[in-house]
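Chain naming follows the written order as A, B, C and D, and within any one chain the residues start at number 1.
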Amino acid sequence: MSEPRRGFASDNAATIHPEVLAAITRANAGHAFGYGHDPLTEALAGRFQGEFGEHARAFGVWGGTGANVLCLRAACRPFDAVICAETAHLNVDECGAPEAIAGVKLLSVPTPDGKLDEAMIEGMLGRVGDEHAVQPRVVSISQCTELGTVYTVEELASLARFSHAHGLLVHVDGARLANAAAALGISLRAITTDAGVDMLSFGGTKNGLLGAEAVVFLDPALADGFEYLRKQSMQLASKMRFLSAQLDALLTDELWLRCASHANEMASLLADRVRSLAGVTLTRPVQANAVFAALAPEAIAPLRERYDFYVWDEPAGEVRWMCSWDTTPEDVEGFAAAVAEVAG
Amino acid sequence: MSEPRRGFASDNAATIHPEVLAAITRANAGHAFGYGHDPLTEALAGRFQGEFGEHARAFGVWGGTGANVLCLRAACRPFDAVICAETAHLNVDECGAPEAIAGVKLLSVPTPDGKLDEAMIEGMLGRVGDEHAVQPRVVSISQCTELGTVYTVEELASLARFSHAHGLLVHVDGARLANAAAALGISLRAITTDAGVDMLSFGGTKNGLLGAEAVVFLDPALADGFEYLRKQSMQLASKMRFLSAQLDALLTDELWLRCASHANEMASLLADRVRSLAGVTLTRPVQANAVFAALAPEAIAPLRERYDFYVWDEPAGEVRWMCSWDTTPEDVEGFAAAVAEVAG
Amino acid sequence: MSEPRRGFASDNAATIHPEVLAAITRANAGHAFGYGHDPLTEALAGRFQGEFGEHARAFGVWGGTGANVLCLRAACRPFDAVICAETAHLNVDECGAPEAIAGVKLLSVPTPDGKLDEAMIEGMLGRVGDEHAVQPRVVSISQCTELGTVYTVEELASLARFSHAHGLLVHVDGARLANAAAALGISLRAITTDAGVDMLSFGGTKNGLLGAEAVVFLDPALADGFEYLRKQSMQLASKMRFLSAQLDALLTDELWLRCASHANEMASLLADRVRSLAGVTLTRPVQANAVFAALAPEAIAPLRERYDFYVWDEPAGEVRWMCSWDTTPEDVEGFAAAVAEVAG
Amino acid sequence: MSEPRRGFASDNAATIHPEVLAAITRANAGHAFGYGHDPLTEALAGRFQGEFGEHARAFGVWGGTGANVLCLRAACRPFDAVICAETAHLNVDECGAPEAIAGVKLLSVPTPDGKLDEAMIEGMLGRVGDEHAVQPRVVSISQCTELGTVYTVEELASLARFSHAHGLLVHVDGARLANAAAALGISLRAITTDAGVDMLSFGGTKNGLLGAEAVVFLDPALADGFEYLRKQSMQLASKMRFLSAQLDALLTDELWLRCASHANEMASLLADRVRSLAGVTLTRPVQANAVFAALAPEAIAPLRERYDFYVWDEPAGEVRWMCSWDTTPEDVEGFAAAVAEVAG
């Protein structure tokens, strides 16, 4: 790493925000009881309630897969199932953790844009009451989705009403929830609690932290016994104060919003710069911090030699360019110039 | 946390060592691929081989319970069992993770001092080959034990020979392995690889890190497919470089040894200071960084008002005093004086 | 099997009772919907309520391990634990099914006679509320125990009161419940529902059936969703009518009581015949259909050449002789004579 | 059940074949060790080798879901996945047992006719070697499929070759394997062992048994330790001799073939009788013992008042008529007449 550089591979390739590192350093004074019995962690509960409403109950965990799996473990009996998009991280990127660790079957639905709607959910309800089939219990959506799209508040509220009417809980995989709130220009509460969401995985690592996420129950009954589940699921940090310091920093002076807005703006700038280039087609709406584009296959390899990014769909020549809190306008301009060069 | 202070509750109540924080800060430059595909993580493999031998395969994980459970998942078929001491962390302090996450039954054995011996293991082998009983596959020992005791190299080697002769693998829960090596004055390799250990949970968090441990396979065949298990078990950090930076710092200039030796010395000093006090009885040999003592019940509460520590066995009036890398001689002297005051 | 003979190995070595085989044959007429949607199964619910009270909800399953594991799956959250005797079938004879299939940790207690009491249960409650430890939720007892002993109704009621006062449910592994009821001379209801039991595994196979047991919930809230658990746990018979026919026969004209009383009487007769023999010591009270005895080691082998039975504790020379519904007085006399011969 | 009648709901609604009941009765003489340590069970191993080849290792189990789940438990590590058709019983009719009990993720593929082919399998291999995704290990096919279709031997052999070339094992859910063999006019061995199948769930219950299936490993290495898995998975019958008696009867004088051929012939007769009726469209090829047809919605209810059968696809008006070993030509003629009446 002699020459630090920034690419467009993922927002988890980005650095720790200086305010976060400063918070860790400040927390590193004196002894503190482990496992969350420290003042920083105790104060954090109130901060989360400030963001998500007075009934919210938040629990810090190590990672995003842990947060997602813990939500399912908290909500599901052994025969309950989870409806999600076929592209959901839960379904394709967690190495079977929902099944192997939570013992839960996913009922995945193909979607055009990574977003579930009521008709898709309804299509999975045909076996309710049939003892030979798993019973849908949770609708899990990603906000933003894995395709960079964002549910509107109206879509969320409608989906939650439908879900509740059918006895289903709504879970949000919010690894990039901040980017969605920033994109919609609304509060974290408006995009979750007020829209009828029951529980969420609140992302931090992709938004400037070293490594910390939170499980937030908006339906506090779901939090009953959760301390045990977190410990058993290997997500209870012994030096919890350092996770709490990160999450506290993220909620201080709207750092979550500053970071996410910036990342979104950089994606918007990048989209603007490449939209009209010959040989480049934007393949998805650019609504948050991801840009999906199709390039000629022969353009991809030389571009990857200069910048890190992922090929999303090899046969289609579709690539994903992800912007982060630390992406600079100069990074974008430089990258766009490189794209123009290879694509032309 | 207005007045940082240091108690004797646990080595996980301690701070991050400055060299570790500096390493995290250094690693925080530019982008790096997530999930361990970064130069720091790639280099770490060799550092661990330097410590544990050329066949060692090491994998960073978030926490100690994760490390232990992952070792069991890597080694055990569904009907395999793990022999351990009744006091093992696995058995009493992981909220049933071995059973619920790894699906493994523990065959726990009462011990006088937290240490297993060959006769105890042999006593658990009576049902080998009987399809109605789980089949012992792993012997898991804690080094140091939860009672602050340390296996000698000869004890380890003898136990490993016996285990291997009976088709059993040896796992070491090494949350405090550094303290054991420091106590014995030998290398990490001598206390593990050379003694016949097959796999271990290598502790870092209790020895000056923010939060990082490693699973180390000394029998490399056990590492086959382990990347998948780690991801599925929610122990793969997305910004892995910051875990690797911590572990790298721990292995640099023998930081692990400096930290552990110091903690051990502080425990020794504390034991010296309280050994002859009226009303204080040391209840276990002080071999590493823990001091166990019995006090009159009425002495415990006032002491806990001034210093944090745990009551180990309430009816017996037994308490545990744990020293850390950041415990100072002044801390010890101040504490010993407080003990003298309440115990007298 | 050219020469059918009867030994004393186990009550599951016995035959199917003719009334049971006749019931299977009668049920074998015409088509019937599978999976319990047949008239015989529907009628069985009421028969069980007749025996266990109007709130009882009974579900036929294939086997005893299935019944036990299903009770645990129905009652336990992932972090709940089950208190049981160290000798419990659950603990030693189900190849880790409670842990691997139900994900439940057993907290086993040494007992002198296979029976739990309140003090033993209380001893396992020290970690209630501690997130690092599994949380006791169920007390599981065996009635009769694996050592042939029988809880009195007073013992059961007292244990249930204590358990309920501590938020614990009482489960009875009733593989031999009929033998216990017969021994005590009371109804199935008196020994379970009226004593405060919450759920039980009701044995049939050891008492004259081909292969059928029932899970009976006396607290009907526990039955919520149980149909799904049974199917998922591979215990839902597709041709359920033939399991129901067996259970129906067992509850008809008190076949359960006739079979169990006879088996108990045969054990009593056997105990009488061998009690005063030189070289034979009865090692446990003979309260139901098992006789435990100590013999000189050199007497065991020749006796096993003539009759099947199990060695219970090899070093102690302790053997188990089990009587069945089909054991005859002649079998007992013949066996007692053989014992006299080898032991003398 | 005052008037026994036969419908077309399922082959598990049928009766026990008289030869099977006679075999159970014959086995009911004298005592026999439980759990398979009896002469009938011991002899059965050889009978299965006679059918499936000398390397076959067969294990009796209670039910079909048990057989399927046990095959997966025997073959899969925690991160392994199973490729199957979207319509597979494993995927839709086992209440999540593969996920909850075996911890295995299913990668299900839409198919036109319930049959997998090489291209479908290849489409699931894109994430091999990627630690974020489960790793395909088993291809599970149903023979006959849930849609009544049958793989030819050539299709099987080709699929097995492809699977093996990609490191995948082939599992056959053979709940109706006998019907497939009968339809193809070949031996059980030709349809499995010789075609490259590695393991199978061999159905008996749908083909005249009371309740017994077998797990058969054609790759005997997969059977290593299977006794423990069977016990732990609650599929080891204590009075195993009565399961073995059923399976033995099924393999005696080709009872499996006689029963299956007859059921197939009845389906063929039924298809012939209704094929040209107005208002009836056969929706799937009739290759074994199932007839799928579309009827006008208003015809279905009155027909179900007279005969039991399942509606397969309500919106499409598709129904399933299943023939059994005990379906008579008169049953078929009567039913076809009723269909003609309601459909006209």
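Quick notes
Everything below uses one rule, namely that a contact is a pair of C-beta atoms (placed from the backbone, for glycine too) under 8 Å apart; a residue touches a chain by one contact, two chains touch by 3 or more.
Here the structure is a predicted model, which is why all the values come from computation and not from measurement.
Note on interfaces A-C and A-B: more C-beta pairs are in contact across A-B. The interface of B-C is repeated, with over half of its contact pairs matching by residue number, by A-D among B-D, A-D or C-D.
In terms of their C-alpha centroids, the spacing between chain A and chain B amounts to 33 Å.
Rounded to whole angstrom units, the spacing between the C-alpha centres of chain A and chain C is 50. Counting partner chains per residue, chain B shows two or more touched chains at residues 78-79, 94-96, 100, 103, 131-132, 134, 228, 231-232, 236. Only residues 35, 73, 77-79, 103, 131-132, 134-135, 225, 227-232, 236 of chain D touch chain B when the two sit together in their complex. Residues of chain C touching chain D in their complex: 1, 3-7, 9-10, 12-16, 21, 24-25, 27-35, 38-40, 62-66, 69, 94-97, 100-101, 205-206, 210-211, 228, 231-239, 242-243, 308, 324, 326. For chain C in complex with chain B, the residues that touch the partner chain are 78-79, 81, 92-96, 99-100, 103-105, 127, 131-134.
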